[in-house]
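Pasting the structures in now, so scroll down.
Across the two complexes that follow, subunit A remains constant while its partner is subunit B and subsequently subunit C.
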Partner chain A sequence: MIETQTLHKDYLLPLLRKLGKQYRLVGPVRNRFGDTLYIEIPDLDRVDIDLKQQPQNSLKSFFFPQTEALSSYIVDTEPASPTQLYSFHPLLPENRPTLYFGVRSCDLFAVLYMDMIFLGGKHRDIYYEQRRRGAVFVTLGCNEPFANCFCNATKNGPFLEFGFDLQLTDLGPAKNSYFVEAGKANGLNILKKWTRFFTDATKEDRQFQYQAALEARGLFRQLVHVDLACQELEKGNEPEEVLADFSQRCQDCGGCTFICPTCTCFSITDHQAKDQGSGERIRSWDGCTFAGFTRMAGDHNPIDLRRHRIRKRFFHKLKHDVQKHGRPSCVGCGRCVDMCFGGVDIIRFINAITEAGDLGRDKHRGL
Partner chain B sequence: MDYDSYPSCSLDARRQAQAGRDNIYLPDQAVIRKIIRENSLVNTYELTLVDELANHRFSFEPGQFMMISMPHLGEAPISFSSSPDSKDGFSLTIRNSGRLTAAVQKLRPGDIIGVRGPYGRSFPTDRLKGKNLLFIAGGIGLAPLRPLIEQRLAQPDETGSLTLFYGSRTPEDFCFNRDFSRWRQDGLDLRLTVDQAAEEWNGPVGLVTGLLDGFPINDGTMALVCGPGIMIRFVLEQLQAMGMEAENIITTLERHMKCGVGICGHCHMEEKLVCIDGPVFTAAEIPDPENP
Partner chain C sequence: MAGLATTFGSGAMTNTINELEEAQVILVSGSNTTATHPQVARRIFDAVDKGAKLIVIDPRKTKIARRAHIHLQIRPGTDIPLLNAIMRCILDENLIDDLFIEMRTENYLAMCDLLLQVDLNQAAEITGVAADDIAQAARMYARAQRSTICYCLGVTQHVCGTANVKSYANLAMLTGHVEQEFTGVDPLRGQYNVQGACDMGALPGVFSGYQAVADPEIRKKFEEAWNCSLPADPGLTVVEMTHGGEDEGRLKAMFIMGENPMLSDPVLNRVRTSLHGLDFLVVSDIFLTETAALADVVLPAACFAEKTGTVTNSERRVQLSHKAVEPPGEARADDWIIQEISTRMGYPMQYESTREIMEEICLLTPIYGGIYHDRLHASWGLQWPCLDRGHPGTPFLHKYSFARGFGRFEPERHVPPAEPATTEFPFVLITGRRYHQYHTGTMSRRSATLKRERGTPLLDMHPEDARRLGLKDGCRIRVRSRRGSVPFTLHLSSHMDRGELFCDFHFHESPTNVLTLANSDPVAKCPEYKCCAVTVEVDHD
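Let's look at the complex of A and B:
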């Protein structure tokens, strides 16, 4: 059974200070430009923790950095020894037990998806695993979804039923407290170890939390028929015109794939050091919307970019992952909506293929 | 050749094996024992892992591939081209077609390259036992089929008839022509065709699909196809028009890959990943036969 408590808002910072002695802390912080981002917090008293706005980034980069060195290599090209010697040395990240707090439901759900990609197959990714091991998640349910959110339609929010260590729900100004649910052993341990910060939840608190979760569902401003879109694609309908139009509007910036919490594709390239005889093998984020993503030696590309530049991205999220994992891999965070200046976001795509059940012909043209 | 005489690499290799046993991204070192020139663009490299213990453990199945590393140039997936039963290492047949493979051409025996693998789904070797096998290859497309041809020829009791239709641009471009007479002796019905005939050529001229006309297909026939994408497409179409079930036609595909183990996402082909769900597919599993 899920253990429930309440935490007075005045106790949040003191609790985090205690937890900060045990864990590296990552949470949403508002910077001097007014942007809210999940960042590492070395000193809680020197940052402006923002639990009101949606963080602009997701947690992706904490487990899967935009660039990281996988290994270094040495090439011996001494003229005395004509043979090429070539050796590799792993560069593993250190494991730092981290507590992620103020995490939104969509962002935790995306981590669970990444677990499946990096750790769920026959081959484990130990770079991801090093960062992921010992991570504790304190999530914050969304009483008021943000402008582009549609996690109700992707069925992973605005509140979670599993996956979190602790889930907080704002019980409103009158109570000035969070309702706290422990979903896993680490969360339960925090409740047990720091009992002085917590109060037993009353029946009224539970009632309020239930009510808040229910009301939040009615506050979404985006009506996105994710299920319907998945069904259309599952039927094998190819929205050729929509794909071609969206492909034309895509400017090859990769912003949607970088901001997306569940876009996990990457490239691996060698970076030669100045001394010529060594270098590093670097992994970096890649995006299937980039022209070079599928290009092979000899410039052969199995993807026709004019028609299908954005097909892989939307089909992967809404069709192929449904076939493979039983649910779409879009978590409804809405970040790609603000990111794309061409209007090639997933909401517009879903709307274009679901409106009027005719695969949206002509409907999406008024971008 | 005694590879322990490479002081820096044998020691390195051991330390590396220790540190990187679970690290799927860390290449092993392989030394080039021999280079065989196939044609002006293609060489076959006979390789052995530098780490002796890893070499003992190493095995692969026909149809699988390795990710090979070249200094400063990253990695590329290359199919095995030698018999999986060979005790002395493995061979990779590589065409000069990009930056990495151009650098490979400059290598000499004794040079070290990085290798990871073996990866990918192999040919369904159990299903192929006792069947009449029709191999159809174009150019370097014979390379991934060669391990299977060698394996089947070595087990005649469990093999039906073996036929290879092999096409290349010119007579000089055939790969593995040193094997042809041995293969024929061992019972392979080998028929060659070229796009452009030279003076001394007295075989057929034209596409490899031309050799298929009148070929007897029966219930026990299975086809194994590899070559350029366009060739695969037409051969698959023709075999099905001749009455073959798509499940009995097997091909192996090529895609841009970075990890080789199902994570990086580059080789997505609809819901499948060519690196782990393939590269070997039946014709029934290929979503877009227009663009295999």
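Let's look at the complex of A and C:
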């Protein structure tokens, strides 16, 4: 499938303009406060597309919005039978074929993970599916990983082998163009349809791309042994001390779960209209780090202490998902590290496990 | 604020919050820092991770107290005897900073006289803290080069609040732990922009920048600028106003902005009488509060995201905050409301933007002299004193000399709480905040997630006290003081000391301030929220 081309940087905007006629465009844009975020781009000329910084959000909310109305309901005051008290009318989102461009490897990988959660089981989530259908991803490999990234350790970056429709690699200032690989039919179609924007990649281009990908692997500033941590957790080793420390530092803000591209917990609430006779059923993001997330009637809470809640989140990422899906569901984007005010981040957690593991081995050696 | 202003000459954090990370010893007093100032707490944790020692003075085993190297679990309201004992230990072990005292302070002899009268065993008895722990804390604090003190409302909300603060200032001066980077005395302010409100003269005795109303020179300056005559007498403090109803006819009308005294002020029954006794009450707030419900006119105000202006935080940092969304409906920004009222009352105010207002602040307020809006764009703000456009701001105060010239030792003696426990009212009630709610809940109680985390008013009690009274965790109880009674849900907590209770004041269904007393600090007029005598009974309602 992989076909390789190059795209001169001058042609990126014209190409996007053409694609914008066929697709809704979503990409990283720098706003007037200096923050870069993935947003929907209605008009290419009025935004500052930023392919230099890591976007602060992930693509999660485009498929799984922070709040969405699942259905409206009407309460029947004189029902024929008690079970017909409520009648529900699903509010399906519109399916808009969307092209996501400038997507970082971690963020695409997170979407593939969400696919497993929302579409992988017996029951498919129709709301998610509706948004997800027809999505095209043009990813951008990271020649220089950002400060808190460790996607090499979670094995989904800085360049992808699969999953993308098109993957771009910056070929550096001298070339001023992108190396383009097509990974799926949609990507190939774009290459074929808009051939005039693309040039066939030379052997030198391919060599350069390979070199860039190789070098990027050595440029990570975070040394994180995700594999080792997963192994230690699998063996049942728990970093008790660190969890106790984290429970004092955690400020219960839930920022880590909201910013995380693979945290998909939600809760559903009914919002009654003022007339009491109708309302909407709303799904909104929730976080396992909140005590109220697991509290039951009568104030019983199976996961009561904060250290247990923090443990639960990290274990979900690094232990339970490894058991269930064969790989951790942390994609190494490092956003929670930036986000956390208290220093309760996954890098510290992983390092604490692996360091403790080292100590353990030293102890055995001593015996 | 009055305490620090008397001793150092300036009532604000002497240092920057970030400097906490470099301190060697941090003394935290009367602050449940992890719950009320989480951003400060994380710096303290980082400092401790780097090897700093942590001393906490608090009647409760708060989260930060549990992490402390030394926790001095005092009885409520016994800060002064504790500090005098600490200072006596420092004196005895010759850990005082002679040179600093000689060069930079005055009134040391009086301080010394007082300290020599301190009986350590007696102090241990009054405070309930072992003499050894006091001595150890004294050594820890005095021996480090960079020791810093953080205190909060647990120190100030007492009848002797100002004296408490002076005692902390005395301690810092005795060991020379002030006037440098990473070491000082830092009051943590409890609310967004409360520092800014004080700086702008929202206090009865001063204009902006703490310029005394009583000073004719200063009054003249403002009269000229505003083209009107200004009264020379200071006005009333908050509680003097909200308790003013009994002085019949003294107050005719009130204009309350963003305050909810119907939940936050002590002896609520008196507050209600006062507000009912007014001829005219105007309340401007973002939601219909308990106070707004009593008003003749309610003005809907814009919230922080709906207006442009500056806020000043604990560390004297002035930051610019931009309007992000339009206010809903007829809500208006505070400056619009004030200008409009003033204009319609016959004194036209026409500022074209908050930028112009800031320019007037710069003109009339020396400490804000160089803080113009354009300097605040795309930056973390400026810390006052910032005297002119070229001034870079001041991260820590009192470098080379105190604001008042010499730092003044203010020896203080123990002032017992206004209302000690008795046989009839055997418990001491401490009031404060919980993590998931904020103040009177005007804003935080509108969040479903916060409600889910903490949605009911709780009373913390030591499990042994509960066993003695036959009360179970989660049962409905009623707390009674000499002034009234309030229902709560009981929460057993071994973090309390026996004989002491803790409750929050976020919930209108449990208006805690029905219980609290009106006695307040003679200088700052801050009420004694942290200490009143109560009894607990099962609620049969």
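Keep this in mind: the second predicted complex is superposed on the first by the 345 of 367 C-alpha atoms of A that agree within 3 Å, B and C clash if a C-alpha of one lies under 4 Å from a C-alpha of the other, contacts with A are read in each partner's own complex, and residues count from 1 in each chain.
Note that contacts are C-beta pairs under 8 Å (C-beta built on N, C-alpha and C of every residue); 3 or more make two chains touch, one makes a residue touch a chain.
A quick note: this is a predicted structure, and the numbers were derived from the prediction, not measured.
Clash-free side-by-side placement of subunit B and subunit C is the outcome of superposition onto subunit A. Of the two partner chains, subunit C is the only one that A:341 touches; subunit B does not reach it. More residues of subunit A are touched by B (comparison of subunit B with subunit C). Of the two partner chains, neither subunit B nor subunit C is touched by A:194.
Looking at the shared chain after the overlay, A:252 reaches subunit C, while subunit B stays out of its contact range. In the superposition on chain A, A:11 makes contact with neither subunit B nor subunit C. In the superposed pair of complexes, A:269 makes contact with subunit B and with subunit C alike.
By the touch criterion defined above, A:34 reaches subunit C but does not reach subunit B.
Of the two partner chains, subunit B is the only one that A:297 touches; subunit C does not reach it. Aligning both complexes on chain A leaves subunit B and subunit C separated at their closest CA atoms by 13 Å.
In the three-chain superposition model, subunit A touches both subunit B and subunit C at residues 269, 295.
Within the complex formed with subunit B, the residues of subunit A that make contact are 70-71, 73, 75-76, 82-90, 92, 117-118, 121-127, 264-270, 272, 279, 281, 283, 286, 288, 293-298, 300, 302, 312, 315-316, 319-320, 323-324. By the touch criterion stated above, subunit C contacts subunit A in their complex at residues 34, 38-39, 42, 45-46, 63, 66-67, 378, 435-436, 448-449, 452-453, 474. Interface residues of subunit B facing subunit A in the complex, by the touch rule stated above, are 6, 8-9, 12-13, 16, 19-20, 22-27, 29, 69, 71-76, 97-101, 107-108, 110-114, 229, 254-256, 258-259, 261-266, 268-271, 276, 291. On the subunit A side of its complex with subunit C, the touching residues are 34, 248-249, 251-252, 254, 269, 290-292, 295, 299, 341-343.
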